[in-house]
Structure formats: C-alpha cells, structure tokens
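Here the chain labels run A, B, C, D, E and F in written order, and each chain numbers its own residues starting at 1.
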Amino acid sequence: MLDLPVSRRRAPLASIVSAALLATAATALAEEAAAPKFDTGDTAWMLTSSALVLMMTIPGLALFYGGLVRTKNVLSTLMHSFFCAALISVTWVLYGYSLTFGPDVGGVIGNASFFGLSGVLGTASALAPTIPQMLFVIYQATFAIITPALISGTFAERLRFPAFALYMLLWSTFIYSPLAHWVWGGGWIGAQIGALDFAGGTVVHISSGISALVTALYLGKRVGYPETAMPPHNLPLTVVGASLLWVGWFGFNAGSAVSSGELAATAFVNTNTGAASAALGWLAAEWIRAGKPTMLGGASGAVAGLVAITPAAGFVTPLASIVIGLAAGFVCYTAVSIKPRFGYDDALDVVGVHMVGGTLGALLTGVFATKDVNSAIPTLTLGLDGGLLYGHPGLMTKQLIAVVATYVFCGVGSYLLLVLVNAITPLRAPIDDERMGLDLSQHSETAYSS
Amino acid sequence: MKKIEAIIKPFKLDEVKEALAKEGIQGMTISEVKGFGRQKGHTELYRGAEYVVDFLPKIKIELLLQNEQATKAAEVITLVARTGRIGDGKIFVLPVEDVIRIRTGEHGEQAI
Amino acid sequence: MLDLPVSRRRAPLASIVSAALLATAATALAEEAAAPKFDTGDTAWMLTSSALVLMMTIPGLALFYGGLVRTKNVLSTLMHSFFCAALISVTWVLYGYSLTFGPDVGGVIGNASFFGLSGVLGTASALAPTIPQMLFVIYQATFAIITPALISGTFAERLRFPAFALYMLLWSTFIYSPLAHWVWGGGWIGAQIGALDFAGGTVVHISSGISALVTALYLGKRVGYPETAMPPHNLPLTVVGASLLWVGWFGFNAGSAVSSGELAATAFVNTNTGAASAALGWLAAEWIRAGKPTMLGGASGAVAGLVAITPAAGFVTPLASIVIGLAAGFVCYTAVSIKPRFGYDDALDVVGVHMVGGTLGALLTGVFATKDVNSAIPTLTLGLDGGLLYGHPGLMTKQLIAVVATYVFCGVGSYLLLVLVNAITPLRAPIDDERMGLDLSQHSETAYSS
Amino acid sequence: MLDLPVSRRRAPLASIVSAALLATAATALAEEAAAPKFDTGDTAWMLTSSALVLMMTIPGLALFYGGLVRTKNVLSTLMHSFFCAALISVTWVLYGYSLTFGPDVGGVIGNASFFGLSGVLGTASALAPTIPQMLFVIYQATFAIITPALISGTFAERLRFPAFALYMLLWSTFIYSPLAHWVWGGGWIGAQIGALDFAGGTVVHISSGISALVTALYLGKRVGYPETAMPPHNLPLTVVGASLLWVGWFGFNAGSAVSSGELAATAFVNTNTGAASAALGWLAAEWIRAGKPTMLGGASGAVAGLVAITPAAGFVTPLASIVIGLAAGFVCYTAVSIKPRFGYDDALDVVGVHMVGGTLGALLTGVFATKDVNSAIPTLTLGLDGGLLYGHPGLMTKQLIAVVATYVFCGVGSYLLLVLVNAITPLRAPIDDERMGLDLSQHSETAYSS
Amino acid sequence: MKKIEAIIKPFKLDEVKEALAKEGIQGMTISEVKGFGRQKGHTELYRGAEYVVDFLPKIKIELLLQNEQATKAAEVITLVARTGRIGDGKIFVLPVEDVIRIRTGEHGEQAI
Amino acid sequence: MKKIEAIIKPFKLDEVKEALAKEGIQGMTISEVKGFGRQKGHTELYRGAEYVVDFLPKIKIELLLQNEQATKAAEVITLVARTGRIGDGKIFVLPVEDVIRIRTGEHGEQAI
C-alpha cells in the first residue's frame, strides 16, 4: 500500500482502496513524500471513533456476553473480550497491521514493511489520506480486536483458558489479517471483484459467525445442554452491553467513512435506524410467536440490526435501512429460535446473530446500494452504480462471491486451527471444571461475594 | 417450646410481621427460599426458547415460642398470610429442646 | 425551514432559528443550492455529541431508573428507555424530523417535506449551516428519544407494556414534535416570543416533567405505596446511570452550540459546573435536614443540576452556573421531600427533578442570560441583551410565557392521550401482575439468576 | 501565563509551556489580543477528551474501586469518586484553575487572575493556543478531579465522610494545584528543570500514590485485616471500571496533545499498547507465580500500564510502549504481591499501581523519549533530544529530580493535611460503624435490596 | 410426620426434584446454603495473594412428609444425589408435631 | 443426636467456625438470614424520605451432632459469638431422629 500525502477528502475507505490499487499500486511505495497535511476535523472524529470501537469490546461486548452466562462463568466470559483487547493490541503493532494493510503481496496478504509500525510515523495511508497513518493503525486495531472476541460467545462456559488464548492468537493472525487484506487492504475481494463491504459485514461478522459455527460443532455441547435451563445470570449487564455496542457502533460504521463529513453522517443515521428497526422487528416477531416481547429480544434485535447494517451503512438510504433492520430482526429471531433443531450448542448465538445477520446485510447491500448516497460506488464496484433495486443484478453476484469466499476460508481455516490447538493443549475443560464453573477452575476467582 | 416454620408469599411478610408483633412476639428470623408445590410456576422466554420455572420465591419465617404463644402464632399467620389462592404456603410446628440467648447465656423460656 | 449552503459559523442553534426565520423564511425553501461546504471540526463534534446523547438514554437513563426500582421490575424499566430509542429512531426518520424541523406551517408544526428524510442528503439545515443536515437529523433524534423516556420514571412498576408503547408513540408525535417546533423549529415560542432555551429546558424537561405529573395522577399509586418501603434494588446501577447522564449531557448542552468553538466550550463548563454545584447543594440540604448526605442524593442532585442548567448553558457565566446549580440542588431536594404530602405516586421523581428543575432553570435563564457569553442574545430575544440581573426584566416575561405554555400544552395533551390510550388498551397492569412484577408479567423474564 | 491569539499548532502541552515561559513570560500578560481564531478540529477533539476524562472518574474509577470493596461499603466508595467530581468541579472554577494555570508567581503557584474564571472568555491559553481557554479550563478540571479520587482507594472502607470531604478539599488546593503548576503551569519542574511528563505521571499518579501510602500508614488497618479475607464484592463492576478507564484514558493521554493531529494519534497508539502489554505482563507474572491468570489481574495490569505510559505517551515509540507496558505489568504485580510484608493496609493498591507504576513510567520516559516522536523534546528538555537509549543520561537526572520532588512534597504535605483534618474531625470511623459498613453508618443507605 | 432436610450438591437439584416427583411428592422448599465439611474448599487469588474458601455452595431441600413417604424420600435422595465423592451431603430427619396449610387452615397429614 | 441452629452476628462467623473446629467438629451448614428482635433496626434515607429497616443481617449455623458434642458446641458458640450487646443471637436445640450421609448411605452417628 502506498503512503500518499494526499489531500483528497471524504471518500469512503473502500473507494480509495480500489481507486488507488487499480491505478498505480507500484509507484509511490518507497518514496516518503513531504509530511502530509492532516485535517484536524477528520482526525478528531477518527480519534473518537477509535475510542468508541474499543468501547464496543470492553466493556460493551464483555457485558453483552457476560450477562448471558451463568454466575460461575461470568469472569471467564469477561476475560474473553478483555484478553482479546490486550493480546491483539500488541500483535497488531508487532505484525498484524503490516500483514493486513502493508503493501500487497499477490492479492493475498500484506508484506512486512510496517512490522513494529516502522515507517508509519509522519505518513498517511492511501486508505485514509487526511489523517495520520498512526491513527489509521489504531482505528483498524479496534476492528481486529472485536472480531475474534465475537466468536467467544459460541464457546462460552466450556473452553480452557490456555486453549482460548492460543486459538485467538492464531485466528487473528491466520484468518483475520488475510481476510481483512482481501476486502480492504488491496486484496482480491475488494480490489478485483469489487464487492461492497462498508464497515465489516464479511470481514467482521460473517467471519466470526461461520467460525463460531465450526467451533460449536467441534467443541460439543455444554454439560446439561439443552435439558437444563441456563438462564442469563444478569440481564441488566446484557442490556448495558447492548447499549454500549449500539453507541460504540457509530465509531465502527460512521468511522468507516474515515472522515468527518456527510458520508459519516449518513452512515450514522443508517446505523441508528438499522439497529432500531431490527429491535422493533425482533420484538414484533417475539410478540407474535411467543406471546410477549422481551428485553433480551430488544437487545438482541438491536445487535442483529447493527450487524446487518454494517456492510450497507455508507451505501444505502435511511429508508432502505429500515427495511434491512426489520428483515434482520425477523430473520435473526427465526434463526435463533430454530437453533435447537440443529443440535449444536452455540452458547450465546453468534451464528444466529452474526453469521445470519452479516450474510443478510451483505446481500441486501447488493440490493439497496446506490450512487445517490455514495458517489464512489461506480469506482468501487467496477462500474455498477447501484444494486438490484437500481437495476443492476451484477452487484449481487459480487456480494455472493464475497460471502461464499468468507464462509469457505473462515470455516475451513477455523476447523484447522481448532485441530491444531487441541493437539497442543486441550480445548474443553474437564467436566468437573465445567461444573464448578470456569471462573474458579480457570482463574481461581469468584465474581460476587458479600 | 416450639419452633414454627412458616412458608409464605413474600408480599405478605410485612402484614404477618405486624400481626405477630401485635401478639407480643418480639423476635423472628426470616430467609428467602424457593417453593415448589401445587401452585404452578411460570414460563420464561429466552431468545425464542421457552422454559418452565417451577420454583417460586417464598419467605420462610422461623419463630421460637412457648407452647401457647406458638399455637396463637400459627393461628395468626394462617389468618393473615391467607389470600385463598394456591401457593399461600405451610406452617410446620417442631419440638424444641432448648433455647439459649447468646448475649446472656440464659436458657429455656427466659431466652426466647 | 430553509436549506442554506451557508458558511456562517459557531452561532448557537437558537440564534440561527430566529435570525433565519425573522428574515426571509419564504425564499430559499425550494431551491437546493450548490452542495454546502461543511466544517470537519464542527461535524466531528456533532457526530460525537449525537453518540453522547444517545448514550444518555441507553444505557444512562435506563440504568438511572433501572437501579431505583425493585428487582422484579428492572427489565421492564430498562425496556422503557430501550424501546423509546428503538421506536422513535424509526418514527423520527419516517415523519418526526419533518414535523419538527420541516418548513413551518403557521408557527405550529413542520410540513411533510422531509418525510422519510427525502431531500435531506446533500443539504444543510439553516439551524446548523456548517454540518450536514443528515447529522442535524440524528442529533435531534437523540433529543426526541430521551424526552418521552424521561417520563417513564413516573409510571415505572405498574404500566402495561402495550399501553406504554402506544403512549410513547402518541406523545412523541403529538406533544414532542409540535413543542420542539415551537421552540426551536421556527414556531411561535422561539421565533415570535423570543424566549431562550439553549438545550431543552422547556422542550425536554418541563414537557416530560409536567406530563409525568399528569400521568402519575391519572394512573394512581402502586400497590403498597406509600405504606411499604420500596428501596432501590441496585443503587450502584443508578450511580452509573447518573454518571453517564452527566458525561452524555456534554453532548446535549455543548452539542447544542451546533459547532465546535467557544460557545460549545462555555456550555460545557457551565454544564459541568451546574451539575457539580447541584450535587453539592442537594447533599448539603440532606445533611442539614436528614442528618446524612447520601450517594443517591449526590446522584439525584447532579441530575437536577443538569436539568436546570440545560436552558441556560449557552447564555450564562460559570459563576451564574454555580448559583443555578446550588439552587437546583436545594429546590429539587425540597420538592422531592415534600412529594408525599401531595399524595400522587411519581415513582422515580420525574416531577421533582425535571418539572421543578426545568422550570427553575428556565426562569433563572431569564435572570442570568448575558450577551457577554452569547452575542446572539439580542437577536434571539428580539432586542434584550441579557436577563434580570442585567437590568432587563422583559426576558423573564418571555421565559414565563414559554414555561406556562409548555405546562398547559403538555399537561392537557398528556391527559387526553392517557384517556385515549386507556380506551384502546388498559394502562394499569392487573394487581397480580403488578405484584409478580412487570418483568415476569409483561416480558416473561427474570433479571437475575444464578 | 499569557493568553495569545496564537496560530501555532499541534505542539504538545509541555512544549508550549517551556517555550513560552523561557521566552517572554512577562510581555503579553495583561493585553488581551484580538479574539483568537480557534481550530474547530482541535476544539472537537478536546471537547471529546474532556468528556472522556470525566468518564474515567465517573463512572470509571468509581466502579473500578466500587467493585473491589465489600458489599457494605460500595456506596461510600462510589461516593468518593462522585463527590470529588462535584467538589473539585466547583473549586476549580472558583480558584483552582487560577492557582494552577494563572500567571506564575515565583515558579511556585499561579496568581488570582482567573478566580471565578474571570478574563477567560474570548481568550486562548498559551498552553493550548488553538482552542478556547474555556475548554482548556474544563479539560484540566477533569485531571484535578481524578487525582485526589485515585487516593480514595487506599482509605476505602474506614474513613468518615466529613473527614474525607475536608481532606480532598485541602489536598486538591494545597497539593495538586502547586504540583501541577510546577510541572505544567510554568513552575520550576517543567520550565526550569526540564523534566518530561506528557500527561501526568508525576502530577497525577506519583502524587496520588505517595499520598496514598502516607494515608494508609497514618490511618491504620481495617478491622480484620489481614487475617480475614475481604474478597471483592462484584468483580464485573471492577472490570467495567477498568474498561472505561482504558477507553477514557485516550482522552487523558491523546488529549494531552491539546490538538488533533499526529501527536495525539501517537499518544493514542502508545496508550493502548502500554495498557495491553501491561495486562499481558501482569497475567504472565500471575500465571508463573500463582499458577493461574485472573480477570482481576488483567484489569489491574491494564490500569498499571496506563499509569506507566502516561508520562511517556507523547515521547516514545510504540515498540518502547510495549517494553514499558510489560515492565509495568511485572513490576506492579510484584509490588502488590509483596505488600503484605510491609504491613500497611492500602486497601485497593493505590501504592502498588499508581506510585510504583507512575515512578516506573517517569524513569522509563527518561530512557525511551525520542525527538523522532516529538520534535519539541529539545526545547522541553533544555537541549537533550532524547533519553538514555539515545545516549543522553542527562534526561534521567531531570526525571529523577521530578520524581523525588513529588515524593517529598506530596508525602510531607499529605501527612500535614492528615494531622490537620484529624484535629478538626476524626478520620477513622468508629469500629462499630466500620463493621456495620460505611454505607449505612455514613450515608444511611444500602446498595442492594430485593 | 417427619421433616427431611437434605444438603446436596447444587447441580443435582434437578435430578432430585424429578425423582421425588416420580414418588408422588408434590411439594418442597429449597434454599441456597453454604457447607463446610470433609470436602476441602478451594484457593482463590486476589492480586498476588491467595486465600482459602472453606464454605462451598450447597442446596438445602426441606420436605414435610408422612412417615412412610419420608423413609422413601430419604432413600431416593440418597440414591440420586450420590456421586460417590466427598461432599455429596447429608440428610437429616426431624420429628414434626403439626403442619398447617395456610390457604385452607387444614392441619396434619391433610395439609402436606 | 441433636440439631443446633445458631443465629449469630455475621462478623462472628470466622471465630465461631474456628472455635468449633478446635472442638473437633468437622461439618456445618450456614446460610444468610435476617433477624428481627430486641436489637433495633436502622433508619435509611431515600430522597428526603426516611424508612426504618427492622430486619438485620444474621448468619444461621446448622449443626448435626451427637448429644455431648451438641452441649459442648452450644457452650462454645455462646462464648465465642458473644459481644455482650443486644442482638448477639440465639441458639436452638432440636431433636433429630436420623442422619444419612449421601455419599455412603451410612445412617446415624456414623453419618455425622
């Protein structure tokens, strides 16, 4: 990737990737131009967005998941998110950023130029020309952190901590970095196919969702599941978590404009509208099917909507966001309701929410994307100025390719990593440790005392 | 001396406590328990799944009393804690051999 | 309202309303000018402010209220805030924004121009000329969300969920939108009377407070109130809620500068000073009157101060904020203390905090407002350059008119809506449902398990 | 200090102090220049940073500490943070800002020019020339709030509330304001010695840490310590607190760039990297020494890393941050582990985390600081362009002087204040009050009910 | 009539409840208690310090039954709650003098 | 065999546990209860309102013992749990008919 002292402004992340890559990927690479002039407003918003996205993981996701498990596992569940934040913050600086956003090697991976963030100071990334590359590094770090943390919902309450730590390390290195490179870093999905993913429908949600499915199948069920009811030990924590996810997601989606202007504003509106509509959709589905709307349903619906609107946020209108949100609420509710029929134990419904919601969002982006909202679409999609609704079925094909590629890569990859990790250190906690709870057995701690 | 253990509906506690106080009963010990009985539980929802919760919250009152007071107390509780609907609870009367007041070391009826 | 590609900067929301409206309300309406040039710094701050104000409702207000109810009602109370966020986010996009900020119809309501946010993309609002109108839409959405959610404190622990949902929908449509239009959207209170309301003293706090009073009276008391003590089930949640309200309120008040400059900074300082002084005031009053200062007192005082400083934040000096804050602490503490004498059951003290605090703030704005802090005051107030303290009793009259109008409109309006809702679906939960708790009876859920 | 309508940008706080002070401290003082032109982007980021740093104290620190105490003391512990926010917000406006950042009197203290914030409106501080001084006031207020609040961890569970309130008032006035003046406000440590402290290693962490030690020694142990186990009553609250501290710390450190550009971005990256590395370091140490990594260990490690990176954040590279973080994790873990040997009862480990971590960070800043990251270093350090690693042992001497001066001043000062307070109103709660818990005995409240 | 008090491991509750229900036992009261016994506690960590927790979570089941049912119930619990490892718990059998059903005022075996 | 139920002040638990252990008592079951008695409750504040809380936190210790041990245990508890101030609590001694150890199925004194 090239470091330009560019002054072009307010183009979406993805647009610049393609534009830059299609044009002259080779030229500017080595030469460090005169210190780039950054925009203080864009920088301010991206600093804020970085903080917001970290807040999504800690404490947002930690609480969302932590409230749903049983008392004896709450600390181990909080640890899943917290440890991902710690671990990946460091590996991202050491090598993760470079593999993901370093100059492209064969459309597959970044090279080692930015290891240890060498060469980053004083430059801008071509993907974010108006802010310091140092800021782009940390903004992207927060995405790299949350993605594996999302998977942790599937293996909650039964994974040994050493295996967890190793799995996350490997997943982040061998699945996340390549995939993010393919879609955003100049790899084949973004730059050659021209699929649209505004803020991480494939990279973050489908990837974590399909990996969650594979992990749940590989690990097996928790002791007592599904005969024994395992009600959430503290739903207010989950509601706080969902609320902070909602608020933090503005950094995730509106931040993906990598600038402080109308595109960010539109993504912000769409994000909020999608979350809200999906909460209403899920509540309505519940009310109809189970007789009562629930607080957990509202919270889960909002998250499902946020997932589904993620790939679309910078490409569609607010009215389209309502449709996407309502669809996400209904579809994810249904997916989660019928889970028991399939027999796997995806403890906190990562599959039903992230895999299903992410796929839905990716495909509906292919329907609703429009140049009216984002004039960079023709460049990004290699010529189409909108989705199915605007008469261009071609975009759907691109989206489908991206989705299927993500399923295959992450599904197979996660399976191989699980086998590997299990060979090194056992994944499952022994039954007595699981019964005693992971807090005591893995961490020698108890969450609540008097 | 008798020990009375009464399992009642939680919202009746205040009334029962006051009625017992009116009888001159000056001490009691309570705890939160869960009861299972003829009163059926409720269904809870969890992301599209339903599960039945059998155990309902109850309050257990423990009372150490002289024999007559015990009879009286059981009557009062039966009266006051009653709503007439399933799940009102039970009163158990158990024999007691001794009572000690820790502060003074007194034994027996003195110690109640 | 007109969409100008204006470059005027850093004038407070209200000033532009009047200025624009008094001048040439008719002209620019239809014609969409060349794409306006937005300020990235102003935009960055307003993106942040929008996130902060949503955070006030979820999880801020949800927790503030949720901690104060009994265990059996915590989820239903969280749901009040969460559902308002979901519902009004959608209606605001569909029609709310247009009714409130659409071109004025007779000083009373906005028209349908912006239904579904049509025509918003690519424009600026005259009320916020340096940021995308899309951003102004979402910023205002967060105000529209929190206002009805505030009312929910009065009817906690006894309202049926279907009635709640309908009441909020109607209230938001028929009370909030007109009132906000009158004060900020070019209606008669802001543009013709010239009353000052920087960030929502009348629109948000008096409106929700008086409606809370009417609702409490109409609904009747909770079973067991006031004989039975109903202590808060989880005060730490309430403290977290109050803290997030405090932090989020910077978006509410400093964001109401609709720009990133000295006015925002001054409003920020005043907000913090008002909150802090009122916390001290309430604690002092408690210490004197009840013998001990309490944590809930500190938290309640802070919120009372935030309420009272809201209309004043962009018009007064920091020293005036100390006076306003101390007064709010003392007065709201007293209001809340003497509530039992009046016999209504305003469960979580919406009246004592928001109605009383909001009224106090609106009137003290009439005392302390000064052109030194906000040079737009003469334009806004139709000629007066300050309040009573600066020798202009005229401003007090304007403030009084605004306050009384809000009382009458919201009081009568809420009453009519309550009657209507109750005719459609009963408001009160049956006594057994109330005893069992709303979490189980309305949502089939339990907050805490083991 | 002088109020310049300067346009110089993106220099770190400290650089301007020195530069300005070494140059022409006397000149511009009285004359108010033409209204300065502020940068909206810098202003946006500093508004956000101010909100973030307040969030560190409420609810961040309040929860971090509140979760660690026993149930009967949680409200009193929350109150410690909350009351500091209320009290110092007001005193800062009245006199604190002026004493700290008012024009220098003999290198020792600021004068009374800015009492009541008079003369602040419409000006910029020379320390932050691109933002309104009003904003600099509130940004600095949030630092003045958190510093005494940090001390509260040492005296938790046994201090009487009246004594607490008085102690905080005096400490803030007589310790914080002078010390912050010395380091940042133009006093002798920053301007004459040339020691580096980017965001408060000495001013915030060493000062609170050494005062905590003195306070613990003076107060004596809690009843039952150390024989009785006093496990944290609610570790999830502590994890939420640590997470919000982490997120809020971006405002603390990246905000200390007082601008929205590359320096802020670098400080942001270093802050995150330091926190993460220290969490890993602490967890590794625990795993090795105690056999298990714990959730509280991860949270404590992150905070220790944030402390240690604070003085260094704007002066070192991300790789140096990893070293600083790992060191902080190991060293603070060890400090906390061996505490029992010394026999004082620092209830929540303020000494082991803030005194030890702050000292470590200050010294390692002397090792790793480099002109490559911050070109202002030669000006700030009076000629050295980096630390030990870059061949300049001289910086270590400066850092050592600053550290020792802070120890002596704060240690002795706190002792005198404790003696004074105790003479006015007893510090320790009577044993029965302590047994009953401070919530009931000091505030007549109970945190949790049913 | 007897009162049976059984202290069991928490994860055995569901099985025990079902086994008792199969015996036709229609009511019970449970509570969360902590037990100390031969089963040793566990060590917890707190910032480098270790402390031992002796008391382990247990469930206490209280059952009021007629004499024969009581014998049967004790057998069933012994069987179902057993894991064979230390800490499985105890069953206590206490004499009872009377039982009252609050809803109806019935006394004795009627009221169980 | 006797069952001893002792209601004590919570902060005395550790001392009592150790004193009993010294007597060779190897098992006990405890729970959190609330007590109402001569010891008066406290006033709590809620936004300017005051309300009285009558029930105070206590710990209930349940002990199954042979007769002599029971007498001894009651003495020890009386001694150790005493502060001499109102609210120190009570000890109740109840008759027991049988004890079963679930792990082994043993009955009677063997099972204690």
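Rule of thumb we're sticking to: a contact is a pair of C-beta atoms (placed from the backbone, for glycine too) under 8 Å apart; a residue touches a chain by one contact, two chains touch by 3 or more.
On a predicted model such as this, the values are computed, not experimentally measured, just so you know.
Steps from subunit B to subunit E, taking the shortest chain of touch contacts, total 1. Looking for a copy of the D-E interface in B-C, D-F or C-F, one arrives at C-F, which has over half of the same contact pairs by residue number. Separation between the centroids of subunit A and subunit E, computed from CA atoms only, is 47 Å.
The mean-CA centres of subunit B and subunit F are about 18 angstrom from one another, to the nearest whole unit.
Between subunit A and subunit B the centroid-to-centroid distance comes to 53 Å (mean Cα coordinates, whole Å). Listed for subunit C are residues 39-42, 44-45, 48, 231-232, 234, 260, 290, 292, 294, 296, 443-446, 450, each touching two or more other chains. Residue positions of subunit B touching 2 or more other chains: 31-32, 44-46, 53, 94-95. Across the whole structure, chains are in contact as follows: A-B, A-C, A-D, A-E, B-C, B-E, B-F, C-D, C-F, D-E, D-F, E-F. The touching residues of subunit A, when paired with subunit C in their complex, are 39-42, 44-45, 48, 52, 70-71, 231-236, 239-240, 242-244, 246-247, 250-251, 254, 259-262, 264-266, 268-269, 272-273, 275-277, 279-280, 283, 290-296, 298-299, 301-302, 317-319, 321-322, 372-373.
Residues of subunit F that touch subunit E in their complex: 3, 17, 26-31, 62, 64, 94-103, 105, 111.
By the touch criterion stated above, subunit A contacts subunit D in their complex at residues 38-45, 47-48, 50-51, 54-55, 58-59, 62-63, 66, 74-76, 78-79, 82-83, 85-87, 89-90, 93-94, 116-117, 121-122, 131-132, 134-135, 137-138, 141, 161, 234, 237, 260, 439, 442-450. Against subunit F, the residues of subunit C that register as touching in their complex are 229, 231-232, 286, 289-290, 292, 294, 296-297, 300, 333-334, 336-338, 340, 349, 352.
On the subunit B side of its complex with subunit A, the touching residues are 44-51, 53.
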